[in-house]
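Below are two complexes that have chain A in common, paired first with chain B and then with chain C.
Here is the complex of A and B:
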């Protein structure tokens, strides 16, 4: 059970998400609605990464790989049967007649990602530091290669189209709030506490009886579950995508959100998503405006990522723990109130 | 299949791979830093050659410019991405190097172009010769020669010069080396500079195969260097060379034997191999010096 200050954190972070979503709905601008929905999807993905990275202290590159597993699973299960003949002509017969509701597909996408993670990563959890990072990168390349070339199921390097759009802003915001709750509950659970102990001192935690590989494995499965759900939400949001949209650039953006906000706290994940999305979208519209104005001979590309990379290095150099390095937002407010008259 | 052809293919590919792996491992050995920006050093070198191509300099001078810029970019990696966070966690260093790689790539996108750019190459690179009964491109022979020379110079440098001995000492036990009076910052910058030099040489050989440079050109060499160092041994310089040639042998053999529809999954196979090797023998084939902690 969580302490009261953690419930306060949950109410505050959930409140922010509700506020942003309601504000976007009230304004009703189509572009703003899209950006806000995207923000909620990023929130699910980044919080998923926070659950593993924040608690175990190990950098994982494979997250977007599991996002892809979720996106493709849900797509294959939900594309209407008559569309499948065109979109995926060589699909295995037992899948060709399946057509589910997007929400069911999303849940199954998350579960498939969690299952793949559970089966594949247990041995990798014994590794720490650089070896762990390289293996997670290798795992990412393996997942990407499979998505890129398994044409029967993923349409290979070509765009997979015909995915029904089922992601609305209320749904995405609801999942994001659930993800915040899951991350806070996980952090305060027995597994989460032991894992954080192992993050701070591996040897001391092991000598207290913590089975570190198993703890990391459990965190990774939860993390992959959220990655899969987030990926499926994303798939039903943009309704056609290719493996190229699930590669290093996306990894970089998600990682930047978490690192800038602060990987050790759920508050940090939420704050990072809000700040990065806001600056990303304004830079992108600036980039778009410059390109439309036709001032330059060639279209301007890459400025947004460039700025983000500089911001990321600056944050790590000046404030290595991110904006919210160690305490959840509820802690400060709770302390202040407890001290008051 | 002609055995001479096969051996030549393995040696020329392996030479390039070995140089790539060496450039990655020289930094890793001392700092335990996987430099994700390593591939972008190759990109920098390629774009420098593209930018000076209109200057009318002889080709060797242009290639020299490319190598010098790669060295400069290597040292810049140290100052911008690595030094500010060196004392902090390993994760922070990995993330900054990843961020620096993105930064360089997007700078190329922004200031040059997302489209491929032609790099000047001497006519010699596209010629072929007959060697021991097989027709082979001259650039393969050049690759082998460059690899042999650079590996020779490099091993002399590491064995017999004060700098090389200091670097090996730092790779074995960094803190102890510092106590013996080895200047840490100089050694680290030197490691990044050598890494840049190797990347510059690789860039010329690698771009010599393709002829153009794009912002994403560094990814493939980075992945190759990754696999080669993991196979050979992350901590050992000879291990990187062994890993490079072994990977070339595996790749060439797979190219000759695998059927087309499995060949496209080759990366998945090789990276699964990386995971298996790290699990079975985390030190790789050639064991490095006994471990000391970073900084």
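Here is the complex of A and C:
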């Protein structure tokens, strides 16, 4: 059970997502709908990362690896049987005849990512600080390499196509709202509370009886579940992708969103996604407009990435906890109401 | 409840013998003062008893259960809790969350942990600050939060490393009142390290004195206080506040 002000946080954050989605639907512009759907998918991924990173205080680079596990699992389970001969000619027979609905594939994509996490990461959870970050990167490399070379299932480095669409804006927004709720519930759970204590002081938390590796492991599994679902949503949104799209650029964007918003709070995750998406998209269209107008002799490239990188550095330097460092939005409103006349 | 016992404990740090054959027993419902000049090994003894540093020799036990070589987490679950001389708080958590952590660590469900923590925080006079982040507290308040937090785990034994350090007189006074009640109220065995001899003499019936990692005196507070070896150790080290 959550305290009342956490429900208020949920209503506010969920409300923002609903508002953005409804506004996009009402305007009905196709580009806007795509951007908003993408925003909701990012929300799922970033909130998933928040569950592990925000509560444990350990930066994980492996998140996009688990996003890939979800994306490929769902793709393999949902590509129409008659397409599979072309898209994945060497697929194992027991998978070749499978054709599930995208939403079923998404759920199984999330569960597979969670299962892989549950089986693979426990030994890493004993590590802290730099060692933990570096090993998470090594895990990312392992997952990426498997996707890159397991051609029978992933089509290797080549683009995997034929994935059915199925990610609509209402679906993506619904999953994003569910992710917000999951993250808030997790944060207030016994595991989440103990994990946050260990984030602030590992020695003190252990001396109070917290089993830190197990707590981290539990958070990582939930985090991978959301990464997998987010990855599957993404796969059914763009309908063809290759491992190159699940590598450092994607990792950087997701990390930047969380770090800028504030990893310790769910509010921070949501705010980070909104701010980064909004500035990213406006910069991208500005970049496009400049290039179309032929003002410069060479086309302008990389402005969005550069801006994001600078923004991330600025936030880390000036406000290390991000825009929303330690309190959820519900706290401020509830306090004001409680003190009201 | 069986006594908490350290028998012939030796601890070494890269050749430095921080504790040399030290034995100490803490019974239920008793308050024991652990004193000695700076660097004499008091904190190291508490670290050894709670699994924070490995022992090179000797045994630590709680009744029949051997605690030597067990992790701090296991020792917490066995019922031994501690506070830290340097103060260790969860800065980004509220006071309520800080204190509730110990109950959660021992396996209490969230609701129970929060209720227990709320009651303890009120008892320690911080009821109005329940919802403040730990990082904004004053030094003395942080100390109180840390003691309340240790108690929320409902330990059988509590080892306090300089609980009054940095407190003003008023805070020390209310701390003494609270600590004095603990053994009676909860059957708790309390070990207190402090350089404030006034506090030690008021709270502890029995004292244990370390100097350079060895026991130089132990027993009834009056006998210990007048022991020439103790006077010598304190005067020799030039520790003015003792």
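The rule is short, and it goes like this: the second predicted complex is superposed on the first by the 335 of 341 C-alpha atoms of A that agree within 3 Å, B and C clash if a C-alpha of one lies under 4 Å from a C-alpha of the other, contacts with A are read in each partner's own complex, and residues count from 1 in each chain.
Just so it is clear, a residue touches a chain if its C-beta (ideal position, glycine included) is under 8 Å from a C-beta of that chain, and two chains touch if they have at least 3 such contacts.
Every value quoted in this text rests on a predicted model; they were computed, and no experiment measured them.
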Per-residue contact with chain A, leading partner among chain C and chain B: B
Touching partner for A:142 - first (chain B), second (chain C), both, neither: first
First, second, both or neither for A:206, with chain B first and chain C second: second
Which superposed partner A:306 touches (first chain B, second chain C, both, neither): first
Overlap of the chain B and chain C footprints on chain A, listed as residue numbers: none
Residue numbers on chain C that touch chain A, as the complex places them: 50, 52, 71-73, 75-77, 81-82, 84, 88-93, 97-98, 100-102, 104-107, 109-111, 113, 133, 149-150, 153
Complex contact set, residues of chain A against chain C: 1, 188-190, 193-194, 196-197, 199-201, 203-211, 264, 321, 325-326
Residues of chain B touching chain A in the complex: 28, 32-34, 80-81, 84-85, 88-92, 94-96, 98-100, 102-103, 105-110, 113-114, 215, 219, 223, 226, 230, 234, 264-265, 267-268, 271-272, 274-275, 278-279, 282
Residue ranges of chain A in contact with chain B within the complex: 57-59, 123-124, 126-127, 129-131, 133-135, 137-139, 141-142, 145-146, 149, 248-249, 252, 255-256, 259, 298, 300-303, 305-306, 308-310, 312-313, 316-317, 320
